[in-house]
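Have a look at this one.
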């Protein structure tokens, strides 16, 4: 496991040097983006079991926050915008607190629906607050000057890599801590966790805000990468559902599951989009993959594999 | 102005009746099966396209065509339940959201393939013919849709409260395992409930298709409203779904004339948030401790 | 001296009165039994004491501090542990992790991985319960009886002063029942006070040094097991007279 992680990490670091082909790096940027998103989602959705389908709202919030800050502070294109990204994370996390305060009073299915409602509220706000956000016309980002087309993907690649690693580090540290144990206890039986003195309310809201903050930062970098965002495009329900699907494919609630899910699905999604040519066929194929994952591997690859290996070991012990 | 508000409120009640029907199907499915059918909006759109195909191909009036589309949608519901919902064993509530989301995407894709993503509308004479209420024109289709929805809702009520099968649906809603213990075939009840939900979606599709231009992607707008309605009403509560649907549409339509149409939907989402702060279980929901 | 004091506690659900001007005390270092017919308000009383329900009226005092209406996690941190009627564990956590959930750590210390002393304490607890072999298994794979034991162990992990047990003997085979009783006695000897709701009369009369009988939301008798057994009001309550 550790060796695999090391090899994967080294390969990720060196990819732009080994293969500087921009179209390849472009796939790398999006794959790392989803590694980060699925891992960040998992910190609240996977660990606590509160399945949010509205995280695309925080993704868009991050993109708009960065775009507006760059515009108002007159930050030129180049490396400087990346320095503003941590601020975006704090702003998104802070805005997620009141959202979580309301949404996390509800449980299970109601929670899912409330997160969807919040996402659509943000989408409407982004459309209606025209003087601030540019409405449906969208919002532009500064364009980096002097970065050649061959080079332009490289800084974004490393930015996404850094955010994915940050999300992973937080996810890993939490899983090993008392807080992580509390989050998983909430997922298994929230009332019982409360009876055992777990401060469930603080933990749920905290995990939700951390998760939203990370997603917001990734959204910010995404906006800067694509240079232009508008409401339906950046607060897109499909982005929200994709990160959830990846986490479930690999194994929600595990550290490596969301990473594996993103590494498998995102390149496949991009390939599928290219192969399908039309958005309609893409949707049908995407839905088919999606359904197959959910029906055949409802617990995710890593937990299913772990169970399989354990039963082999048990069989070996008996023999 | 006040005449406009009265007219808008009346329109809200009429369209609210149609949404009440669609939301009833959704909340009934939740009550019986403990799943959230995120694909409900896409199935309403599918219903609209079925009617559209009958109208364009065979010149069958959409309302009369329901004699064909309701049974067809019922059958589609049985198949979908068997293939995609029944296999879910663990973590049903969370996984069902994802699976039915995938169904919605698949239906959107297939409809796009068959009908392209151009906007369509069901064109019938009663669509534009209207009568005036306080200077506010109300098209006859809203009245027809409202009356039909009330009739279907009444039939649904009769089924639930006056038949043995309805009693087994209600028993399953109250306690699934207890229902199983007293010999109710909950799998069969679930499948038929899903089918009934689809049949109501067919009716919703007709009215939606006449009063709105729609394309395969229209389901997002529909489902976000329907889900908000059933949460506001309290998941699994038919009464809640009906009250919340009428409330939502009245508020939306009144906001549209008093403030601006762009803020209409937002007002309703904001109302949902305000109510959830004080009543996380919705208007008529029971505050049960939900285990996992 | 009393460790827990409940005075005039009341809780209504709609028109149903579940607990009605209920007053009782639990003596320090005692094993107190709480018995009564089904629906007499025993579990509701547990929920009121541990903060899962808010009382409509009345007071709860623990170690001379008012704890009425505090949230469950605060009540737990003051030193009251509880179990639930049906053996509940965290099914996807391992047996060992189940014991580490109730460990309290404040502030930044909570960000650190499980420290050695707590893990040692947890392993010792598993030895005590006879579950050491299963430390790495998901708790969802335990048998019902093993879950009951694990639940008892998890409650003990935070070293509470008072433990409320809701039907520890329910659905447990006689051999395991003896082990649970022995564990309770041993923990009691170490200074833990117990309040136990139980329907198994043999278990209660054998284990408890004081018994409170509830009927229709209020105590109708209390005293030593022998006194309670001899009280005609108790028999009437059970026979529904």
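Of note:
By letter and in written order, the chains are A, B and C; residue numbering begins at 1 in each of them.
Note that a residue touches a chain if its C-beta (ideal position, glycine included) is under 8 Å from a C-beta of that chain, and two chains touch if they have at least 3 such contacts.
Just so it is clear, the structure is predicted and the values come from calculations on it, not from any experiment.
Ranking all chains by how far their C-alpha centres lie from the centre of subunit B, first place goes to C. A comparison of C-alpha centroids places A closest to the centre of the full protein. By number of C-beta pairs in contact, chains A-B lead all other pairings. Taking each chain's centre as the average of its CA atoms, subunit B and subunit C sit 46 Å apart. Subunit C has its Cα centroid 42 Å from the Cα centroid of subunit A.
Subunit A and subunit B have Cα centroids separated by 31 Å. Among the residues of subunit A, those touching two or more other chains are numbered 187-189, 191. Residues 30, 34, 36, 84, 87-91, 93-95, 97-99, 101-103, 105-106, 108-110, 112-113, 117, 216, 220, 224, 227-228, 230-231, 235, 262-263, 265-266, 269-270, 272-273, 276-277, 280-282, 289-292 of subunit B are the ones touching subunit A in the complex. Against subunit B, the residues of subunit A that register as touching in their complex are 49, 51, 53, 102-103, 105-110, 112-114, 116-118, 120-121, 124-125, 127-128, 187-191, 237, 241, 244-245, 248, 279-288, 290-291, 294-295, 298-299. Residues 50, 52, 71-73, 76-77, 81-82, 84, 88-93, 97, 100-105, 109-114, 154-155, 158 of subunit C are the ones touching subunit A in the complex. Partner subunit C is touched in their complex by these residues of subunit A: 173, 176-179, 181-182, 184-185, 187-189, 191-200, 253.
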